[in-house]
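Which chain is which? They are A, B, C, D, E and F, in the order written, and residues in each are numbered from 1.
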Amino acid sequence: MYPATSDTRNQAAMNFTLAVYAAPHASQSAATALRFAQALLRQGHQLYRVFFYCDGVHNGSSLATPPQDETDLLPAWQSLQAEHGLDLVVCIAAAQRRGVLSEAEAKRLERPAANLAPGFELAGLGQLADAVAHSDRLVTFGS
Amino acid sequence: MSLHIVSKSPFSSTALADCLTSFIEGDALVLIEDGVYALSGALKSQPVVGPVYCLAADAQARGLTIPAAVEAIDDDRWASLCTEHNPIVSWFR
Amino acid sequence: MGKRSLALCRQAPYGNALAREGLEAVLAASALEQAPDLLFSGDGVFQLLPGQEPDGIGQKNLQRNLQALPIFDIERAYVCEHSLSQRGLSLDDLATGGPALHPVSDIGKLISSYDTVLSF
Amino acid sequence: MSLHIVSKSPFSSTALADCLTSFIEGDALVLIEDGVYALSGALKSQPVVGPVYCLAADAQARGLTIPAAVEAIDDDRWASLCTEHNPIVSWFR
Amino acid sequence: MGKRSLALCRQAPYGNALAREGLEAVLAASALEQAPDLLFSGDGVFQLLPGQEPDGIGQKNLQRNLQALPIFDIERAYVCEHSLSQRGLSLDDLATGGPALHPVSDIGKLISSYDTVLSF
Amino acid sequence: MYPATSDTRNQAAMNFTLAVYAAPHASQSAATALRFAQALLRQGHQLYRVFFYCDGVHNGSSLATPPQDETDLLPAWQSLQAEHGLDLVVCIAAAQRRGVLSEAEAKRLERPAANLAPGFELAGLGQLADAVAHSDRLVTFGS
């Protein structure tokens, strides 16, 4: 139990998993997921995992560069990860199709570059099933 | 009981209509993103289901006023609602 | 774990990737012996139409994924009756070969009996 | 006259309904991708507008039969229709 | 060129990027003196609601883009009357400050008078 | 006039521009656009430009690697480009937001890698307006 505000004193801390299907900038949903994650952690809940699936894999791209006056979700996810030790998992199959590759994947697939941002890791779809089994709550952020 | 989250406009998507078909006594509804446009239509005066919550930031972004029958919430309250209900069902297309 | 999860499949096949990626997530969970139950509703019932031949649009047949489900012990799936009738369909119009299809009239009650709902 | 291209299911999107509101005498309608699901509903027997064309590959992919009142076309015929009409209006959400 | 083009704006603001990217395409064309006319229909009429304050969701106010249109000689825009009434709105509910808004009842006729339609 | 099949003999060849808003694999629309482009060229029409906008910019990613049994749109666009000298333009602003960068852009924005595929070029939104002005027909492939 890590009560953070008076609102949450009477509440048991829970384990959440978020499934994020939306790319940043294309849909509001990725930004909503980030704000929701911040609210959960502020309230003392745990985030068991954030699983980026479908177009959500683009959240893990190190190359996205929004204009200076637009919100950049990447550093926000990364600082949340660093601060809370979050498990930010990008589905490896969905990422491969869409061109989000780690150094190892780029080498294995003989592609010219890698673009998976630090703080994110590629893993299989089994990590979603595992998260469902080990979380009190799953919230899906669709596209 | 279930917490339903609707994120698409009821004027261009059937997400809300499909959700309402699945809504039973004890469930709750949260309108987020373009889902808040339900406030300018079906859910304006007397919502057909209840309780209905609405992310205030999303309504404000779009220039919508939240009617009395709908409870305006912030992200923290949304998170709390997610602890109070289960399962959580997202309707996003 | 004893937790019950439901995959809610609401997308038509082929037009976007969600129908396929949803079934892939279901198969992956099943391979880990955490098979969710399936509920087809909305345009998701179109995934169950027989005779799909997507070669001409360069896609793989999704029905093969459906037919693989019983191998992973997914023996039955639910279908929203309301969604079927909205689309002028009945259970007889749907494909066999995958899990047995059970019509459901009150999907709200069904949904609320699960611990987790994965929306696709 | 306009060529309208609809690519979303009429059961989950208002793309077709919005298109039909904008359809006038002399226009033509092409159903592609999930737009072909109109064949299992509104446009099944007697289409409300005409002429209606349907990409055969998209109908076949989805296990749908193209009724007599709708003309099945391939990509080449679609391209020709685009030369015969102007403007070309896509309804995709 | 003498060609007439129309930007058909059918998306609500903020939920997805299409409303914004559509207006950006319109502004870019206008800067090259090839300004299209604008037609707001469907959920696109929501772009015209006054009092939008998207700071709380971390987005830029789209109405600034709309207000910039007259600078680029886009003096008027069309609004689909049917879309307004479907949403319980009238012309009086919409924001001023951008181009003058002209209600249109027969948008099919309007559309067919253009050489090119850009859908957003 | 370049009649390609007997169907097109009586038809004047036209100049087309395609606007593609959809990423491959996320939506069928990108694949439809490719097939439509192939049909146009088969019929002897000219493609003035293919303008990739919104999520369509991901069509220009050199890193997307679909499984072997799925259609890979990238080499198909590239061979069409090589054969017909197509102008495949990726909107630079939309691409920057979404992480599709040329070598020059990656350097300018100080990002760790570039992923714009050969055969595609980054250019401004003015290229869409220019294409509208210079084409007989514009067809939009939405998301």
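Throughout what follows, a contact is a pair of C-beta atoms (placed from the backbone, for glycine too) under 8 Å apart; a residue touches a chain by one contact, two chains touch by 3 or more.
Computed from a predicted structure; not experimentally measured.
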Which chains sit in contact with both members of the pair chain A and chain E? B, F
Rotation in the CA alignment of chain A with chain F, degrees, nearest 5: 180
Distance-wise, how many Å sit between the C-alpha centres of chain A and chain F, to the nearest whole number? 30
State, to the nearest whole Å, the distance from the C-alpha centre of chain C to the C-alpha centre of chain D. 27
Can you work out the whole-Å distance between the CA centroids of chain A and chain B? 24
Going by the contact rule already set, what residues in chain C reach two or more other chains? 10, 14-18, 42, 57, 59, 116-117, 119
Which residues does chain D have that touch at least 2 chains other than itself? 7, 11-12, 14, 33-34, 86-88, 90, 92-93
Residues of chain F engaged with two or more neighbouring chains: 21, 25-26, 28, 32, 35, 54, 70, 93, 137-138, 140, 142-143
Full set of chain pairs in contact is A-B, A-C, A-E, A-F, B-C, B-D, B-E, C-D, C-F, D-E, D-F, E-F
Provide the residue numbers of chain E that touch chain F in the complex, in ascending order. 1, 3, 5, 17-18, 21, 24-25, 28-29, 31-32, 34, 36, 116-119
Per the contact definition, I'd like the list of chain A residues that touch chain E in the complex. 25-28, 31-32, 35, 69-71
Complex contacts: residues of chain E adjacent to chain A: 14-17, 57-60
Can you check the complex and tell me which residues of chain B touch chain D? 11-14, 93
In the complex formed with chain D, which residues of chain F make contact? 5, 7-8, 11-12, 14, 16, 21, 28-29, 32, 35-36, 38-40, 42-43, 45, 136-143
